[in-house]
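Heads up, the next two complexes both have chain A, just with different partners, chain B and then chain C.
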Partner chain A sequence: MNNLVDVAIEYGPTLLGGLKVSLTLTILSLALGLPIGLLFSFGVTAKNKAFRYISVFFVEVGRGAPALVLLQLMYYGLPNANITLSSMASACLALTWTTAAYSAELIRGGMQSVPSGEIEGSHALGMSYRDCLRFVVIPQGLRIALPSLMGFAVLLFQATSLAYSVAVPELMSQAYSIGSSTFQYLPVFIVAGLLYAAISIPATWLSVGAERLLSRHL
Partner chain B sequence: MEMLKAIAIGLPLTVLVTILALMIGTVVALPIVAGLRSRNRLIWLMSRGLVDLLRGIPPVVWLFILYYGISIGAVRLSALQAGVLGLGVVAAAYLAEIFRGAISAVPKGQWEASSALGFHRATVWTRIVGPQTARAAIPAYTTFAIGLLKDSSIASTIGVSEIVFMSSQYARQSGSGILVFFVAAGIYILLSVPLGLLSRHLDIKMRKAVAR
Partner chain C sequence: MEQLMIELNPQTTQPVVQVKNLAKAYGSNVVLRDVSLSVAEGSVTAMIGPSGAGKSTVLRCMNLLEQPDSGEIVIDGHCINAGKKTSPKSLAALRRSAGMVFQHFNLFPHMTVLRNVSLPQERVLGCSREQANEKSMELLKRMGLADKADQYPSRCSGGQQQRIAIARALALGPRVMLFDEPTSALDPEVGVEVLEVMKELASTGMTMVVVTHEMAFAENVADELVVMADGGIIEKGHPGQILKDPQHERTRRFLRAVLER
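Up next, the complex of A and B:
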């Protein structure tokens, strides 16, 4: 136990620096992935074949393949196509793909649960298709999808721990390098785990709270 | 073709890790569910805390704690043991939540009717609430199993030579990274298709068994 406190005090700053990288990676992937996910959520049911096939490919591979495979594909695979990215950029690209794929399905689910009367109503009022989407379907669909998107964000934050395998200096790789230089594996990993938990447990509560708040009027 | 062979060597371990972790998870989840349903505040709080902690810490961290951190005397867990155990306990937390939800989805009337008919508690669980819980849990359970199949790739980080481990090894020595990882992705997608079909089949079958 003393050991744990000593490790926390001595390596706390390094680990917190790693946590900052983890959070940055999470936020970047969400910021890039969510808009693409929104696009794909329309793409998978689009009439335009090229758009639909591209969307279905990215959504199915992004959801079907483990995040670890996508990470290694971007970091070890892309150099074969003469595209060499930094570890941070390739991790970001891989997790953006995952985010886009999962959020596309979650957003599509939200859009589908917008009552059809709302859409018929907007037709009856003579709204254009674009206005119907912009003012009726998308705002309500996103609101319905919000709790599950927040739940996904927590899982994505946890998935950033896999980026250690492509040498991103995030929390897990900091913990591993401290562990392998001091042989104090157990306390270091416990402190790292608690740091992850300190973010993801409250974030889970937040998503449960959002679900309660938003389902109040349903 | 040679590439496919190299990657496929990892297939049995991927399946083994997934199945063993699922088995451990299912068994360990049962006492946790009992704790989550307990009226004793202390037991409830402890089970709640355990579930939150298991789910709040990424699986990689659990695997590293078990593989690098734990040593009983001179004995250390092997990579496979640590991987199966780590993924298993994390799975237990997720499955406990799934089972808890499924139990609360059984209509209250079923409980009331069985106590009105004077059924023994054990009979209620084995003949009335249990089967209905199983039916309600199947879609979420198989979705989780598919997720676990993908999460079994995390075991490659501690050196279990499953699909991802074999493909990154092959990618390094052959220098055709893109194709290797796309093939690996394809194998995972192909593996999850039969699981999805099985889930749908079971769901339909059990829906038919219940008269509504």
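Up next, the complex of A and C:
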């Protein structure tokens, strides 16, 4: 126990620095991945074949391939094609892909659960297809998808720990390097785990609250 | 007023709605065969018939929520031919002249009652927010719902929601109102509120086509009764006459079933 407190005090700043990198990676991947996901959510059901095929490719590969494979592909694989990215950039690219792929399906599911009667209602009123999307389908679809998107964000935050394998100095890799230089693996991983939980658990509460708030009129 | 309506003869006044030789099939399942119908200005047409007869499909073809396979639809001079491709512009014009009220209201649950009524005016007619809200409040007052303006639809009863839907459709100034079983999802007591509003609307001279199972409404309010069965119109004419003395065997059977329960 004493050991745990000592480790926490001594290596706290390093671990918190790693946590900051983890959070940055999460936020960047969400900021880039969610808009692309929204685009793909239209793409996978689009009439335009090129748009549809490209969307389906990225969504299916992004969901089918483990995030670890995508990470390694971007960092170790792309240099073979003469594209060399920094560890942070390649991790960000891989997790953006994962985010876009999963969120596309979550958003599409949300949009499809908007009752067709409301869409008919807006057509019968003479509202254009675009207005129907803008005022009826997207606001409600995103509202329906938001709790699961927030759940996904928590999973993504935890998945950033995989970025230690491509030398991103995030929380997991900081913990690992402290462990390997001090052999205090047990306390340092416990502290790292607690730090992950300290973010994930309140974020989950937040998503439950958001769900309640948003579904109040539906 | 009612007396006056009955005297208006569909043949002598310019029809607001004309449906000519409408046909539709889903694969080999024929839902409409050669349906022709004309609705005079200011008249109320009630459509009755067993379920699956195609009443709702005719109504939904009128504003092209369903695409007919063949036939022609003219509403307030806007003509749509099933064979030809419809431009979005003429489709919008047609839909603007026809207000539709659905069985399940189809309000937008994420908007307040006032927004539900105002948004289409802003988007379709290009009204300003103030103009739209003013018109909406006037209509909500007429529907007896002025106090519900800031509520969300889920906080309103079924009858109130249906009246909101009627206000939303009326706000666009339609030439004809299409009602698709407006009281079928309501319990009888609440349905009366909606029927009262519809009666009031009819008395102001609004042209209406009503698909309904409410026989009393069909008899007392409608000027023209259309009986449908198996995708076609089997009988049409003055409601009192048809209800008293149906000519067709299928009509007799249907009326026995609805009136003697």
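Points to keep in mind about this one:
By definition in this document, the second predicted complex is superposed on the first by the 214 of 218 C-alpha atoms of A that agree within 3 Å, B and C clash if a C-alpha of one lies under 4 Å from a C-alpha of the other, contacts with A are read in each partner's own complex, and residues count from 1 in each chain.
Note that a residue touches a chain if its C-beta (ideal position, glycine included) is under 8 Å from a C-beta of that chain, and two chains touch if they have at least 3 such contacts.
This structure is a prediction, so every number in the text was calculated from the model and none was measured.
Chain A has more of its residues touched by B than by the other of chain B and chain C.
Contacts of A:I190 after superposition on the shared chain: chain B is touched, whereas chain C is not. When the two structures are aligned on the shared chain, A:M127 is found in touch with chain C, with no touch to chain B.
Of the two partner chains, chain B is the only one touched by A:G64; chain C is not. In the overlay built on the shared chain, the residue A:G77 is in contact with chain B alone; chain C does not reach it. Shared-chain residue A:S165: touches chain B; no touch with chain C.
Judged by the touch definition given at the top, the superposed model places A:V136 against chain C, while chain B stays out of reach.
When the two complexes are overlaid on their common chain A, residue A:A50 makes contact with neither chain B nor chain C.
Of the residues of chain A, not a single one touches chain B in one of the two structures and chain C in the other.
Residues 63, 65, 88, 92, 95-96, 98-100, 102, 104, 106-110, 119-120, 123-124, 152-154, 165, 168-169, 172 of chain C are the ones that touch chain A when the two sit in their complex.
Only residues 115, 117-118, 120-128, 131, 135-136, 139-140, 143, 217-218 of chain A touch chain C when the two sit together in their complex. Residue ranges on chain B touching chain A, taken from their complex, read 52-53, 55-62, 64-65, 68-70, 150-151, 153-154, 156-157, 164, 167-168, 171-172, 175-178, 180-182, 184-185, 188-189, 192. Every residue of chain A that touches chain B in the complex is listed here, in rising order: 60-61, 64-70, 72-73, 76-81, 158-159, 161-162, 164-165, 172, 175-176, 179, 185-186, 189-190, 192-194, 196-197, 200-201, 204.
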